[in-house]
């Protein structure tokens, strides 16, 4: 039906404008809509990152698209077409408090990878066992950007906020129950953190944190010499 | 007017029943009501702890009561009559994250003191500067009960929760603004803390935390030999 | 895939540090993650408490793990390996308001049992029929610690708070509908209770209440002579 | 200015229709508006109950009105003109949990009085000291209607709900702080009470509870013989 | 297993105490728990009202119980044993705003019927088509008690509140979406209604409204002569 | 069963009164209730718009009704009977921010169509790529009424509010996650928009926005000469 | 100080673009900022509507501005310069539920007046006394646009929504207490109203409602012949 | 009193660790506490930024401190001691939507200045008059970091998010009323923004946004050559 033609406007110029490749939030879209959009992308010979693509939706996509898609179930992300090639040195550390936060952390890592950026992954370092964090701290502090993924009390964010000199981006997650309130408590705690200069993205928004990191990396790249983890 | 006679029932037996002295929450009561209650207390030759007594209300009390009252403005508490005498060794540590939390922390300390218990006071050890906490940790961990007073992100609670082997009671405070939401974020973070076995009282409820500590100390006292900070 | 290796850091030293055995919150984790963690535990010859393990997840675990697991569906808990052996005398009473609160109450009882502590179970004593509570009161008050499990109005907590001299830990539950707001009302009522010294854990957090009780019992054990329910 | 003439429509027929006299909620109205309304009432030779009339507003009313007004500061109510005459026997008990709830309780009592109904007043019987309630219970249960005024946890409502056979109307109050949430917790707990058949009015709405009681009393009066407290 | 024996305390004396028969809220209970409770009821030769019994749970009950159960799917209620016999004249009107509110309205009607009280049912009279309400008004106003069942804006409650002289009990429902907020808006609007003397029960609580009505009817019955709808 | 007869009152006069045809919100109604209502509509030879009719419910309707129903799954709307015939010129533009908002946008378009009004559809013009909006602006501004459908931040509403001279009706949608809060953020942002004179309907309420537009169009039609998009 | 020069950009072209004159929301601005803006307006020989100008702020304005300002305290609005001249016939009715809603209603009336539009004012017609509304209904329904101003339950909005054929714009107000929640309940009830095609503006936003009405009137004016209230 | 000595631990090493100078949040602290802290700072010969210092508190400070303090009332900030000297080129743009947001915007500018960084200030460019923003866009996009300060709908954030290639930090403000909900709506809209890679700080937290910017600038400085606005 012709109507579909006018239902989406892909923003292929976004990479030029912002340095971040086009991505598609699949949650809230029907499989038919996703298939139609991927057809358009194919027609243009473009690539696209798919986020929040549930396993069931992935399985229901047209075979011609599934074939091109590098899909990871844990992060619900798919690379449609080859990711950008980038420097091998990780300038971003993605740090997660608990095993339940891994899906969100991986969404950040995969978004970075699709845009050509490697990341160091440091997981299960929640502050309830502070030694788990402190023994990994040297691996963390040298990165230009640290993405801190944490739910429930999000105490990891505040502790890192006082120790990490680089850019610190908090991703509150919806793990936990009761007073965790679907991530609202972690979100509030991250925003109210007394550590200075922590910036925050939406609950479970690993994609957004990676984009915020990409904005920083792009600035660094434009500022002259290539940089790695100190 | 006779009506006043029937308007309050002081619970002088509470000390017998629960081991905690009678206290009066002054917020929400008129000065006339407080004066009438103190008259009753005087008549019985009893003592009473006053909490949340604003400076203005304190100044407006009858002179005969003000004279007997040991009042502290910071914690808004008053001792009406002599506090209980107790052992000199502090078995409770009251730990506060920031200077703004001092009023609440002192409410806990004063409630303990009125019930004959000394407390160690360790303040301004918020985790945004983790070294401030770690250098005081040896002073904290040996106590039987630790009362952790923290607002905003309340990250102090979770960090202590993984390090303190004794009973840990969190008092979220209403310090901060915006996403601190009047203490709701600190409350939620304390309840959702991944550190095991943290128990929580109401926002700004230094009095309640002290009472919870008194319940523990009473158990310890009944269990045999006197104890001090290890 | 090697990545899994680095995705969790079990805190086997927690028992030494806090006197509480390692536990695994299974909600929010995939069966594959749980299986991988249990392999690690097996390799170390350690034991572990599993909480919030849904029946479906339990059924999907690797047979080698299911075989070792003492699982209870009502509380969604599993003992992986033998529980600690402890004194037979119950020093903790777990009191629940209604039949719908039993799952949470049993989570507390099972957590205590895994850590070697017996508990008295006193159920369906909500205050709407006050005689149900008062006739069981003598069985309750003698315990060192009382865990009060109640949803909806959580009035049981306040009533017990004025009658129980020991440590009182409230577990609000998510039973009820509408204004019960998934346990938020019970949580708020427990925190705002006018009974002095009630401490509170997260909604439905039977595990946390048991851990808070264990912290108290450990203090009592360290304080000298063994103690039973008076 | 003529405009004022058309700005209010007094509902003098309400007494005929509902059996409840006209009342004026003064909060949110300017003194000039209240004065203009009272002029209208005077002109018709009618009477009116004023509620939520702050002391400052009372003091600023026109002298000609203040002279006719029987004002009580605690409940912020005023009788403008003589109250209805009624039977001396109290068929309503107004029960309040704490001293801070007295203003609201008195608003109910005064509303009943203005409509010719006496009330028994039983105050400071919160369940934290259960004996305070149980020793007054015989004075409470015989009334046709019981108005239960309670803030914070509102546990009084649930306990009464299981013991009082008559009509039970809960008035949650805004006393307390933090998790009391301005009365929302007491409201939620009253609505979620497991005691069957409790009905609830708005936070601090002593006036509304009295009106609900008047609806019941009117039914009883129409149903035949006069009745008193059994 | 013997444990089940102690897991519930049926309150068979409640009818004596409050004039309302024992009822069982089935939501949140397992089928095994319900079956065990019904066995107990059977053993005593008692009867019981079941509420919030989902069709699936009903189908899964033991055949011996299903046989005795008069079940209605729309209201999710079951009569276990014969309902009380009562006067044929309806003294209660149950009025519902829309077709989606019928389940809750029928819960009220069925609860009344189980306790021997007939009710007039007047449905789909929401105020958006005011004529629908006004043409049924004569059928409504003569009842002693009116139960108003309405979701979304609950405007029906306020309109009835100004027209009905009897006791008016509002049941907000969870119908609607978005700003209806699962019934919170209807609940708030019912509580904030400017019509005097409206009393309110929990969202979707048709059972509670019926119990509140039963309290009123019992008073009327005790007050002398039998009464019908005027 | 005869009861069904009295359970709904169709408002066939609504078209006369308000100029908007009768519609049926199917969510919250059983298939049996919908079937019974459609029988009534058939009997009168009337037509009806069905909204929020899930695909499953549609499939379960009686065949005699399904045959007459023009159903669209994306918008969950059905035309029962022929829509009104209207002018071909679109005086309303329905503008949607993203692909996920299409279901709601189509609900508005279909409601307009059922009432004889054409609409211009302009989709996927969210402000994150401002050029997508500005290049379509000339197609938008000439319409008498613009319906802006947007979720998450709803920034589209504010931007249009400053550019569109006609009537602007915002429909916040429940797309997004976390801080999108099921549409509450978009609703709040639309209401708090600094653009003057934006009016707002409920979350996801495409039907309501169309009805608000119909009220405007009817005024225009009554005001004299026929009008098209300028 | 020169900085002030760059701190505001007056939108004098707004009238051309949207047909609504420039207005200044004074709340949140300092008197110095308001004075500076008025100087700018004076310099251009322009006019401006001031809203939410508190009496204290008005009194503190520079005398040169106060002199030009037609200020009304009740609505907190000021006309800076002469209002537009318009047709004498009122095409808008501003309807308010209670006396406490008058300030907001007058803000709407004054905004209309400043833009050259007369309004009919119909006040104190809340539905708790339905006769008050029905006797004024003929004065209301003939207007092209009806602005309904109501707080607490906002039931007036729903009742009017089913009776008024023109454009209906609801302004929820913050009157009331407790469950009125500062206007959130009235806002929710207006949005969830079952009356079709009601559109809603922000709480207390009389200004916004008037602007929405102006958008409609402008359409009508452009559509040909002049129109009055039918 | 000696107690004060132990009540705060100034984090003078923070500059070394994080590159951000020590700052004092004055809200929630007494004047005596602030004076004591400034004495400590003086003793060390250090400098400090004071934030949220109300005019009244400023006026009440000890004269010896007031003398050293460069205070700005609009932003409530004070420089205690000389700010750092920095490059003259502004690499940060602080962009504010409305005049009411100026206090927060200036807090960011002053924090940057105290740490030696100049900022371009671009104010009153809210999107309701899109031309105000677009005509200033060339002045904005070239900066390395853009701090977007906006309340109410915060639409400015999303529009900038799609146009600015640098790092974009949103500061939601508490301006507005009703559905603006004290900044929660602006906060939610900023977090839910569909523009990729926007990061967010707490409501009204101009200080935090500046600190986040400083973290980025420090990275850039470390990455080699000095940089200015492109």
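The letters A, B, C, D, E, F, G and H name the chains in turn, as written, and every chain counts its residues from 1.
To be clear about the criterion, contacts are C-beta pairs under 8 Å (C-beta built on N, C-alpha and C of every residue); 3 or more make two chains touch, one makes a residue touch a chain.
Source: prediction; values computed, not measured.
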item	value
Chain pair repeating A-H, as identified from A-C, B-C or C-E when over half of the contact pairs by residue number coincide	B-C
Chain separated most widely from subunit H, comparing mean CA positions	E
Distance between chain centroids, defined by C-alpha means - subunit C, subunit H (Å)	45
Approximate Å spacing (C-alpha centroids) for the pair subunit A, subunit D	56
Inter-centroid spacing, subunit F versus subunit A (mean Cα positions, whole Å)	35
Per-residue overlap in subunit C, given as positions that touch at least 2 other chains	14, 128-129, 162-163, 176, 178-180, 187, 191-192, 196, 202-203, 205
Residue ranges of subunit A in contact with subunit C within the complex	74, 99-100, 102, 121, 123-125, 128-129, 131-132, 175-180
For the subunit A and subunit H complex, residues of the former touching the latter	14, 17-20, 23, 144, 162-169, 187, 191-192, 196-203, 205, 207-208, 210-216, 218-220, 223-225, 227
Complex contact set, residues of subunit F against subunit H	97-98, 126-130, 152-155, 157-159, 161-163, 176, 178-181, 184-196
Residue numbers on subunit D that touch subunit G, as the complex places them	3, 6-9, 11, 13-14, 25, 27-30, 33, 37, 172, 174, 183, 187, 202-205
